[in-house]
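Across the two complexes that follow, subunit A remains constant while its partner is subunit B and subsequently subunit C.
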Partner chain A sequence: MSSMRLTALLSMAAKAAFPRDYRYGTNRPWTIAAQRLNPPGKKRRKVFVEPIANEDWHVLRGDTVEILSGKDKGKQGKVAQVFRRRSWVILEGLNTHYRYIGRSGDYRGTYIASEAPLLLKDVTLIDPTDRKPTDIEWRYTEEGERVRVSVRTGRIIPKPVYQRRDGIIPQQWKDGPKDTSPEDTLQKTYTPSLKTLEEEVMEKMNIQEDRRPRKSYWY
Partner chain B sequence: MGVLSALMRGLVRGADRMAEFTSKRGPRTFYKSRGARPTGVLTASRKFIPVQAMIPEFVVPSLEGFNLKPYVSYKTPAGTEQPMTPEMLFNQVLAPQIERDIEEGVFSEENLEKYGLEKTQEGKLFKLHPKNFVR
Partner chain C sequence: MAVSRLTAAVCRQFQRVVTVSSHTQPQCATQAFSRFHLCQRRQTYDSWWFRSSMNNRALHTSCVRKGLEEFFDLPENWGEQTVKSGAPWTAKQLRVKSNEDLHKLWYVLLKEKNMLLTVEQEAKRQRLPMPSPERLKKVERSMKRLDTIVTEREDALRLLQTGQERGRPGEWRRNVFGKTFWYRFKEHPIPWYLNSRYKRRRFFEPSHVAPYTRLSLEKYLRSKMRKDKRQKRNQKRLAAMFPKKTALA
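Moving on, here comes the complex of A and B:
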């Protein structure tokens, strides 16, 4: 019985696969809302996206950008989410429409502002010196680092500070009783040897094991 | 949800045939294990004899002076050590001894056991290939 389970286990790839023409939306593909919009058999009209190489992508999460067209034209905002597959960018609190969320029974739900995605071509990065929109190029510094440079002024635009989604700032973290301190973690206690961990543990704990398992076969 | 999402569109009717048939389904007389290893032997008269060797026993050493805890602090910076490869292991463990033996002139290809290399994996409890331990 366990032999069948082993082969079944080995053949389980278990990676969420999406069809080549899956239409990616603002919902994450594994959520119920996305499953309702894109059930397995549904085929939607193909949305054409100008292909941009991963190295040429210049808008990162946390950047401040300015909107060039649309309802909130001329406003600047921080990028909250980036969708590379559709060249979308969602800014915090800009380009919003209003909807009710969490309705049940008679209660119509909370009225919230939800942001609509903006295409990459309707958005530009902002030069930190004069806070005006500018075109961006990827160039190399003297040290060889690849940075974004504003074409108009030549000023380097630094990468936005990476903020964790759970809001934890590592420098301000207070260790709990179950946290190993950084000094203990970085201690190097490994001595390379040809024995496996199990053999070393058996030697240290003086465990004698002379029985050997019977030969068995699995398919 | 699985296949039942197609049910929502009203195209397919009936139960979910591809769901796993576990021990929670079926009649009372249906017995199926959920994967736990047996800890004894079931005899012909349906009596269960527990075998002490099949029951796992945890042998825990004393944790005096052991400072590692279950979780790692967020303040820890990324480590700088490279992951161990077979080449690195050889260079650190075997290469010095072999070089010393070659310089002394004692190195012989039939006598590789004295460096810790094994001719076959037969008779070992933890075989490297085919690997018979989980880790």
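Moving on, here comes the complex of A and C:
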């Protein structure tokens, strides 16, 4: 009993706890910039975000989208980051403002362009055939796969290929000495039987257990 | 005569200085100790017992090499900044494996976890970043999923054979504050009517606490109602703010 409570306690401590009116920004919550944005006693006006279910979200990282309103209206760009909590999308190199970074002492820092997030309603996905903006619906193919379909032309928009953060490309992966090969991983060795794991293992390892448990009372 | 098991783990310096006893000790305990720890432990022993003639035997043994290298990474990974590692085991992949395979995999994962924890501790000691800490998370997740599969199989078997939903017996009881909770049974060597400490525990509420159970129930119901109302109000507000678009842009 106590062991389960302990793990529950540890997991509670490990999980980050945010206040109810925490305002999520573009910085990760553990950075200093995010701490500056959300000091403990602050009370800011609440942001209202259109509630979109997780399965209805249609813009994925790596997609090419077009901006509908704002400074860079009409331009197409690749999605670099998606913030579902605030319905934000950050495109590479578009909707930028300029700022100095890394200033110290007298040195004013490097002048860089930093992208501002765009709301989901200000971007649309692009149809690959004519490269024009279009609306998207989630539909099922004949095989039963759920795909994004452009409403205007009916063409399926494939899921974007985006490089993983650890730089691994699954098609070019070579197994290391400690990795199990795909054939061994998928090989089926399980035969259902009326024996528990302990009994089966004892049989295989020829362990004879002749001791009988002493009578104990559960209350 | 019979070589004492303790001598297998004694370091070379000791052989010249201290005579070894023939007192048998569990081999597994000594293998895990490093040389330094063993030297420290020895000083606390009673010296006259060691030096008595029946226990004296000077013996020379070589250092033990009983697989301590499994606590460390492969030699080609020493000093690297990142170590390549594959994906963790998924529950779907583990479900098709037999019990014997799962049993073996558990210990392989355990040894890997011990190795990674050693690497982590050494990195902390050297005040350097640990190479590829995601390996530890992958191993822990794999072990957790393996545990889930094994409990699934046990639950299925138990339900089939006995109809019991839980592996550990328990029942709903009221504690002294009037709250109903799931009391999980503990294993005891003596029955409850002989256990004086258990008899002192009160699984009922005294009469002066009884009015408060109704009040706390009302409080709980009120808070649930308030939460539901708040959620409905928020959803209505959001629907008013973001109306569903009928004509698509």
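To be clear about the criterion, the second predicted complex is superposed on the first by the 134 of 219 C-alpha atoms of A that agree within 3 Å, B and C clash if a C-alpha of one lies under 4 Å from a C-alpha of the other, contacts with A are read in each partner's own complex, and residues count from 1 in each chain.
Everything below uses one rule, namely that contacts are C-beta pairs under 8 Å (C-beta built on N, C-alpha and C of every residue); 3 or more make two chains touch, one makes a residue touch a chain.
Note that the structure is predicted; figures quoted are calculated from it, not measured.
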First (subunit B), second (subunit C), both or neither touched by A:W218: second
Partner chain(s) touched by A:Q171 [first = subunit B, second = subunit C, both, neither]: first
First, second, both or neither for A:I32, with subunit B first and subunit C second: first
First (subunit B), second (subunit C), both or neither touched by A:D135: second
First (subunit B), second (subunit C), both or neither touched by A:G105: neither
First, second, both or neither for A:P40, with subunit B first and subunit C second: first
Which of subunit B and subunit C A:G144 touches, first, second, both or neither: neither
Subunit B and subunit C contact sites that coincide on subunit A, given as residue numbers: 1, 173, 175-180, 185-186, 188, 194, 196-197, 204
Subunit B contact footprint on subunit A (complex, rising order): 1-2, 5, 32, 35, 39-41, 168, 170-171, 173, 175-182, 184-186, 188, 192-194, 196-199, 204-205, 207, 209, 212-213
In the complex with subunit A, residue positions of subunit C that touch it: 74, 84-86, 89, 93, 95-103, 112, 134, 150, 153-154, 157, 160-161, 169, 184-192, 198, 235, 237-238, 241-242, 248-249
Parts of subunit B lying in touch with subunit A, wherever the complex brings them together: 1, 5-6, 8-9, 33, 35, 37, 59, 61, 67-77, 79, 81, 84, 88-89, 92-94, 116-117, 123, 125-126, 128, 132-133, 135
Partner subunit C, residues of subunit A touching it in the complex: 1, 48, 50-51, 124, 135, 151, 166, 173, 175-180, 185-191, 194-197, 200-201, 204, 214, 216-219
